[in-house]
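I am attaching a structure below and will ask some questions about it afterwards.
In order of appearance the chains are A, B, C and D, and numbering begins at 1 in each one.
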Amino acid sequence: MPDYNVMELMVCVASRELEEGASVGVGTGVPCAATMLAQKTHAPNLLIVFEAGGVAPLLPEMPISVGDSRTFYKGVMASGMVQIMETCARGTVDYTFLGGAQIDMYGNLNSTQIGFDHDRPKVRFPGSGGANDFASLCWRTMVVTPQDSRRFVEKCDFITTPGYLTGDDAREKAGLPKGCGPYRIITNMAVMDFEPVSKRMRIISINPGYSVEDVQKNCGFELLKADKIIETAPPTAEELRILREEVDPERYVIGR
Amino acid sequence: MPDYNVMELMVCVASRELEEGASVGVGTGVPCAATMLAQKTHAPNLLIVFEAGGVAPLLPEMPISVGDSRTFYKGVMASGMVQIMETCARGTVDYTFLGGAQIDMYGNLNSTQIGFDHDRPKVRFPGSGGANDFASLCWRTMVVTPQDSRRFVEKCDFITTPGYLTGDDAREKAGLPKGCGPYRIITNMAVMDFEPVSKRMRIISINPGYSVEDVQKNCGFELLKADKIIETAPPTAEELRILREEVDPERYVIGR
Amino acid sequence: MGAFENGIGKLFTDPDPDNARAFFRKKSREMKSKVMTVKEAVEKFVHDGEYLAIGGFGANRIPTAVCHEILRQGRKNMGFAGHTATHDFEILAAGKIFDRLDASYVVGLEARGLSPNARNYLQSGEVDVTEWSNYGLAARFRAAGMGVSFVPIRTTLGTETCKYGAGKIITCPFTGEPYLAVPALYPDVAAIHVHACDIYGNSQIKGISISDLDVARAAKRLIITTERIIHSDEIRREPNQTAIPYYLVDAVCEVPYGSYPGNMAYEYFSDEEHLREWMKVEKDPDAFKKFLDKNIYNCKSHFDYISINGGMEKMMKLRQKELLILAQEI
Amino acid sequence: MGAFENGIGKLFTDPDPDNARAFFRKKSREMKSKVMTVKEAVEKFVHDGEYLAIGGFGANRIPTAVCHEILRQGRKNMGFAGHTATHDFEILAAGKIFDRLDASYVVGLEARGLSPNARNYLQSGEVDVTEWSNYGLAARFRAAGMGVSFVPIRTTLGTETCKYGAGKIITCPFTGEPYLAVPALYPDVAAIHVHACDIYGNSQIKGISISDLDVARAAKRLIITTERIIHSDEIRREPNQTAIPYYLVDAVCEVPYGSYPGNMAYEYFSDEEHLREWMKVEKDPDAFKKFLDKNIYNCKSHFDYISINGGMEKMMKLRQKELLILAQEI
């Protein structure tokens, strides 16, 4: 079995979720690496869109910004933000990848602030950007993040981006499009999905070298467990070769 | 005084209303001729927009359609209908010219049907097209039409396009933008405006050879009269020369 | 007529974006060749009873070949978006292909006059008509393209265009002012003619786009006819020239002179003589039937139609006229 | 947080389209030369207390020269639209030019990290912040561009981004579903950097347009900086390349390498080294003051700024990097 680091594992696991013929709204970093890896392995027809307007570029290298010139390099279209978000709103974008400083059991994300006082936050982060929009509109949201109980919290200080809100049908009741929401949470220790009725986060797969207990210990809320929890398949030699040689030779992402 | 026909008179009168630096949403025929004449006489900087998307073309000849290639020939922009209508909605278009089968004392226009049964009209016309939108959104609507009591009616069979609706502040109350509406009605016999409070049609100028009585006789409702009714200035020799030689050498409009 | 009344016209299509999303979720995003004949495209994607939209502006950049083929295949009971519809409307009315109509501009051919046959059809009572303005109907496509069920507009309020429409009066939560909410229009199928596209459907339009970018996004299925198919590398060389991206497109049909007898900007002018003949012959039902047989029903394709109307020599002259080489009427 | 609550954030601008119409009615539509220096443009069109929007996407196609000049001229108490704002935000925060902020993306520079100084500024309590998503803020420009007071969107609902925003929950009159109505945003002034424009302001943008077409239409006054001024004949030769028409534009400023240190598609890549230096030096207030003096306050113009940061040689390298001739980090 080849040697790999945590980032490589997470990128490979994420890339496998993207099936051939799907569409994905991506950001810089891990999402982009996962998407490029999927294109170079099992899903050459994956449609990539960037929030600033780029559609289906032939990415010559990892973009440094979701609006830089790489995001529409030899693209099939260079449009604008409204066009991309409307494409998501019409139901044409299947996946998106998001992150945040905090995530709760319903997959709600915080990328706005630490502290509860909006007028005087303890720490200010960028805010939603396009994250809330992608999470509201794309069919399936995936989060790639380290497993850490300061990150996986009982309650976000601020809900920037919707998961299933307060669970059950709260998301649809709020007026968000029907049938979409958080889909996979991929960490260094495990892969989680969301239980279909309560919409609570649930362990479905444990990464090599970790246990369910490890995951729970590094999570600030109680995780549900799938009836059958499997072991996450490690990266294959071929995945690692493509990731290291073709996707991220400068190790921008996998060297973190 | 040079000899001229009724169309030439109306085109010349209409063109004089368009001041330098103004903007105008135009259709084919008389509006286009009046606008081109204004550009070639006193208002070279007149901004022309066509509803299908053409902006400020260097018109090589009279367009046959408001969407044909002439309407954006060497234009500064070839956009789309939504862009043009939104430009009007933002208050950037000063004038428009409209017509119709019927007009009432508040300047409401009918270009939809004769007869009151919408399911089985006696005569079906094209409907609004962009007329309602231009009349709703441009600051000043002008109508160039023959003076005829079958055309100037007590009540339109169908109000396709808003004038002042039922008069007074009905137009603004309905939700149409404030401060705009019908401005000049130019016929073979006279020029009318609208009394500022009641918003009823009012004679302000009589064309050479006609009397106030002629106008009233050829109008299906009672016209108000301005305190001082002047005589419409006939076309000048220079206006006629430009109109005949440069604007409409094929006599598409002035030969009607 | 009243200032604050909702429209009493019928709403022919479902404005719910969640239903549209469920459809679009399943629509393929694969970049695969969609090249087929117009006959195949109409067989596959245009069905009786569905709702149709046609791009362009009346007799400018219209997918004439698709309109003719719909007649040849005898489609019936369709809904139609009569948005800036002139010669396209005239063709479709000749085949009586629709029985319900969202009308903003129909029956007329602008400065050319009115179509006697289309007019009779609407006066016959056979067609349910709901009224809109051009912007109202454009805004309905726009709402669909935005993935919402309505947008607020400030036109038609207080008129019978509004009363016999199907919009609803709402109040702005910020200003308290009334607006007309126009419902999203998702056509089952649309056809648009473009200057160039690749085999996947990535399309370039030169000149004005009218409402086609929104029509393309709103339509559940989209047939592109194109003056010419170009290599995908050409598309990727200038990605901000792409007006319609491939994932909206279901069929790509190469139809040179595809807007004929309409105008195609930078390519060829409209054939005014032929358009006059259409309108003239409509006055005599027998002559009109023969005219339709000759120009549509007995033609196999747009090539046949062009060849009986002057062929390449005529096209060359229309091209010269478009480019202002021939200034005079031909 | 609640699903059906209106935002409690402050609305900093008037969404009433009739007030905007009254302004736009008087704005000149004359096609006259608007060429001036950035200094003149900022003096004439950017005033203390007004509301500002900046085009581009953070460190891509931004009007850097205008941002610097606003600092040099010491503007204060402005409102700012923090829409996809990264390096532009970093500059404006360094000058503390705004005290109220519509925030969708601020403080960060994407993958590059966070700006310590901008973060401190927002944590200081000196700035009133109302929250939006990127699309929410883009839709606000869009509503203004449409000439209406709001548009309905389906994002942010149910989150604290919505609660600390200033949108309102409305119900669709067709489906009964809730939407967030976002209020039109008409900035007093906006600045946008483009690839080319003529002396009247007719502007061409290559590549993505982000939200700039709507920002241009929404803004009451608009400053265009351009890589180069081209002859108006070039504009008229390809009218569908025009992204921004002249009648929206108040000032035309020719600023080659005007997006530096940001990326300008097809022209030059971002100067990542310089951007890293910015963020690094922010950690030390004294060093940051010296850095700002050197790079902004003691520069007369964008030419000075470029000349002290490597001049033409550096620009050439950034150009090679953009065109993938230099694949490695410089």
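In the analysis below, a contact is a pair of C-beta atoms (placed from the backbone, for glycine too) under 8 Å apart; a residue touches a chain by one contact, two chains touch by 3 or more.
What you are looking at is a predicted structure, and each value in this text was computed from that prediction instead of being measured.
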For chain B and chain C, chains touching each: D
Tell me which of B-D and A-D has more C-beta pairs in contact. A-D
Quick check: how many Å separate the C-alpha centres of chain C and chain D? 37
For chain B and chain D, let me know how many angstrom lie between their CA-based centres, rounded off. 40
So the centre of each chain is just the mean of its C-alpha atoms; given that, what is the distance between chain A and chain B in Å? 57
Euclidean distance of C-alpha centroids - chain A vs chain D, Å: 28
Note the residues in chain B that touch 2 or more other chains, in rising order. 54, 72, 78-79, 89, 137, 177
What are the residue numbers in chain C that touch two or more other chains? 17-18, 146-148, 154, 177, 179, 206-209, 239-240
Taking touching chains as linked, do they make an open path (line), a single closed cycle (ring), a hub with spokes (star), an all-linked set (complete), or other? other
Pairwise touch list, complete, is A-C, A-D, B-C, B-D, C-D
Inside the complex, what are the residues of chain A that reach chain C? 20-23, 45, 47, 54-56, 58, 72, 74-79, 86-92, 94, 137, 139, 177-179
Which residues of chain C touch chain A in their complex? 17-18, 20-25, 27-32, 144-148, 200, 202, 217, 232, 235-237, 239-240, 242, 245-247
Please give the residue numbers of chain C that touch chain D in the complex, ascending. 6, 11, 15-18, 146-154, 168, 170, 172-175, 177, 179, 181, 183, 205-209, 239-240
Touching chain A in the complex: which residues of chain D? 1, 3-4, 56-61, 82, 84, 86, 103-108, 110-112, 114, 119, 122-123, 125, 129, 131-136, 138-139, 142, 154-161, 164, 169, 177-180, 206-214, 263-266, 269-270, 272, 322, 324, 327, 329
Counting only contacts in the complex, chain B reaches chain C at residues 27-29, 51-54, 60-61, 64-69, 71-72, 78-82, 85, 89, 108, 112, 118-133, 136-137, 158-162, 165, 170-171, 173-177, 250, 252
